[in-house]
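Got some structures for you, see below.
Consider the two complexes below, in which chain A is the common component and chain B and chain C are the respective partners.
Take a look at the complex of A and B:
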């Protein structure tokens, strides 16, 4: 449990893992390496294969091909409970007839390796206080709140001293307020133990906020595996940009270094390799101007639809000539919000370097 | 102020009309449950002579019941057969429910299997009971088969018209009332809970005894109550399959009513009701059904 140890050594590897269910391919040739003492978040829309990925790593499902390697040992054919990998279920899956203490003690008492009773007592007590539930040992799991259930589920897994902990949408069952608090809590608990966490989520904000590195899954493939700021600032493909929910994406044609979209032709300084040409511009990198204002750089004209106040920023929704909705975010720290007239046309302008151009380079 | 007054008005009205909503139920229970029970208790103290019964209160019939070995024996037989049938329906019913409710993952298939369990109910009760005679008799199906395969040389006569045949008949008829509630409770167990237990390293035996069985206990209790209530009040299976050798409390009531001995029949009725009450109260102490269901 020494903090920071092994942090740059891979604790866990997937090598060319594929998995299909009948004619549906859930995972395609997944290769990925995770370090010790790291928080990995796995982001993907539903159906991207993120839950299957977790089940394959946990050992609940066997991959069709490829290898699963934990600390240098091939565990592809090792059954789930012998892998030393913990799993936290989305709905917590607590044992409803047992108390908090009994839930956490279950693995120690009923596992393959019997643990002496006083030892169980001590380890369970320590873990319960680590997740902040000291004093609740005797409560039934019906008598505690959602956030507390989450902690019990976590403690039940962590008390087994796993090498790797898999969390399947662990915050999905909590309300928004609690979800926010549990984010910090999860990170803090992980840092205390120095265990690697792999956290699957469909929420881009959660993935970016929690992961030391983020795996973005798209149709069973790894679309990007990088630090959150890299994923956010330089999405590797139009679909990654799309999941992030922060980019206006325009399709078009690419010839050489010139991209032609609905806004006309622009010069691309660099082209990110992708299957089909597209241009992505972050919501907060677009400026709204009155029609006819002289200005530099690319722009598209669109009519104002509505705005949405978000507290620290305001979102403006515009409709382009082809019916596409373009979103512009205005951070309030940069000045007072502008007001626009519905149905009136405006020009949305951006700096050439803020456009990310994708295509077959 | 006028606003609150307006808002309170319908509330008060609904509060005053609420008791009327349970009135039909209360009336029904009073007329068809409470009054008959009180009447039976009352009649059990009436004076019975050979040809008539008079409302003069006496302990005669109660003394007759507790002074007779025949009657006390039948009380003991009733309790014994109840316990044996309860055990056999549980032993046969639980694995069946485990298969239908937990091992069959397909919901449609498990519903189909449950319906198959109920199919025998499409024939009448008496036919189901009497069908055991050609099965268990001296020249019945089981004896013929056993002899054909050379397992026995002489037919087993103990199969029919014994306590065993009554137990076999009752088990077959009532086992489904054990399967249903247990399968229902097992079907409600979240598969993730079992997967979580497995992930924590528990083997099947541990998972069964520590997780699955405790979670199915409310189903076992409901099933046991169903079976107990029906078996304790039974008389037809005993009459049809025991050759009058097994006399349950229910059989005594039938005979006494048949010879117009209302007072003694009432005594047995009261005793039977008390036994059932104790059994149900006992079962309900095992689990808090209100919380579990």
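Take a look at the complex of A and C:
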């Protein structure tokens, strides 16, 4: 397959797509371009419009305004069954009255262009073994486990050779162990086939781990669309920083480049444009010091609450004077965990350049 | 504390309910074995016999009791019930399908449909008969006006059954089918219909049984040729003989036989599924 050739060509575009249900606006003016052979993850809390986004692309819902363009063709008014876009559902949505084989063969057998029976047989067999279900062809879909159902759902979609596959929280219904394994498999299968995947998830770790690029949705708007390391290192807004679940976010006042927060005043090197002034510091960029230790840079005092051991790191939870919880992550590769006394006050310090300042710059 | 009072009360209530439900049938069943042709539809049993059963099938010498006018009436009733069942179920499935999405005036349309089962039967029957005779000027028949009346009556039941079924139906399997390039029409045939089929069966059963023993609407709307309930009622007006009871027992036994076959098939298939599942666990 000529994977490298078309990888930078947009396979798919959204132009100013908006959608509301009654008085609830689900999508506001979404413009987005996705390349061929790319893994896009869409991250957003529930109600951010991420499922609606997929449904509009798939053709299950019609946008109020804007265009949907697939491979240069405007498909906004094309019905779902003529789009050639695959969809994998969170609840799998397997056909309960059919066997594994019949589920995977369904699209080939019932599509507009009939596929010859031996051809169907071959393609289904190949796909079933690609997703690791060889030998289960004859089983009913009630007789297989959750992970296997997920594979059937995937195989059923991929056997149609779509250019774009939409996955709506595909790992949401699986237990934690399996979810981890399926992550790697999803990526591996996608790379083997060179299809573009668009994977919606509410889990920030999943989004960052899987996507070549990550779309962060907030209240129906694209808050950020960038590589995972960019999203992680330079969140575009306080709400993106909030979804990532890796940042302590302080609200405050911004005048010029001076940010005043609960920890006092700091000078921002740069200000990231945002509606509300805020300052975000990553959990692992904060250091804990004894109260009264002389030190450089901004700091806030807080009393120790509890700690949580995570294997490769330890999370410490502190409570600031205003009651907010501040989290500090200590990587164990950087040294032994410290032990702190509950209710005692400590100083949490960070380097000025590690603070991301948001505001109307 | 309260269950000390409540439980016995409920028990008695339940017993009475069952008694009223089955006692009449048992009385009729016993009386159907009355001796004939001189035995009447009352106790005591003069002598146990199967005379009235043989009477139904014309296997006894002619007597003063006329044979039940079953042949043609039964044929008419079965045909009418079948026609009604097919029409009402098709209409019910289609309209319930339409109600899956809210449309303009869907509330009004819903109540108009459901009204069909609430309007008193005699009124509907009388109305249809007047409409046919005085306004449209067409003749009444069981297969024309009678049929329409039966559909009007049974369609709401089929509609409600299908509405309940489709309410619980997970639409994502249909969307999955579309996303595989399968047209909505074919999706309905290959995915939706097989999955709602148990509901369709219940709707059919409802429509069939309601039509089969419908009386008040048919009385006015069906014209000269009588359906089975009308024919049997006609024999009452002269004198009641135990042959009617025997016929009742036969139809009940027939229904039970059908239900038993259905139950046995269901049990077998459930057991087979369980067996397969258990083998999977062991393997």
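We take it that the second predicted complex is superposed on the first by the 358 of 361 C-alpha atoms of A that agree within 3 Å, B and C clash if a C-alpha of one lies under 4 Å from a C-alpha of the other, contacts with A are read in each partner's own complex, and residues count from 1 in each chain.
Everything that follows uses one rule, which is that a residue touches a chain if its C-beta (ideal position, glycine included) is under 8 Å from a C-beta of that chain, and two chains touch if they have at least 3 such contacts.
Given the structure is predicted, the values throughout are model-derived calculations rather than measurements.
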| item | value |
| --- | --- |
| Combined model on chain A: chain C and chain B, fit or clash | clash |
| Which superposed partner A:96 touches (first chain B, second chain C, both, neither) | both |
| Touching partner for A:143 - first (chain B), second (chain C), both, neither | second |
| Partner chain(s) touched by A:256 [first = chain B, second = chain C, both, neither] | neither |
| First (chain B), second (chain C), both or neither touched by A:352 | neither |
| Touching partner for A:80 - first (chain B), second (chain C), both, neither | both |
| Touching partner for A:16 - first (chain B), second (chain C), both, neither | neither |
| Touching partner for A:110 - first (chain B), second (chain C), both, neither | both |
| Touching partner for A:135 - first (chain B), second (chain C), both, neither | neither |
| Greater residue coverage of chain A in the superposed arrangement, chain B or chain C | C |
| Candidates 7-15, 115-123 or 187-195 of chain C: the single one with C-alpha clashes against chain B | 187-195 |
| Interface residues of chain A shared between complexes with chain B and chain C | 58, 60, 80-82, 86-87, 89, 91, 93-97, 106-107, 110-112, 156-157, 160 |
| Of all residues in chain A, those that touch chain B in their complex | 58, 60, 80-82, 86-87, 89, 91, 93-97, 106-107, 110-113, 156-157, 160 |
| Of chain B, residues touching chain A in the complex | 190, 192-193, 195-203, 206-207, 210-211, 214-215 |
| Chain A residues touching chain C - in the complex, by the definition given at the top | 58-60, 79-87, 89, 91, 93-97, 106-107, 110-112, 140, 142-143, 153, 156-157, 160 |
| Residues of chain C touching chain A in the complex | 170, 172-173, 175-184, 186-187, 190-191, 194-195, 273, 276-277, 280 |
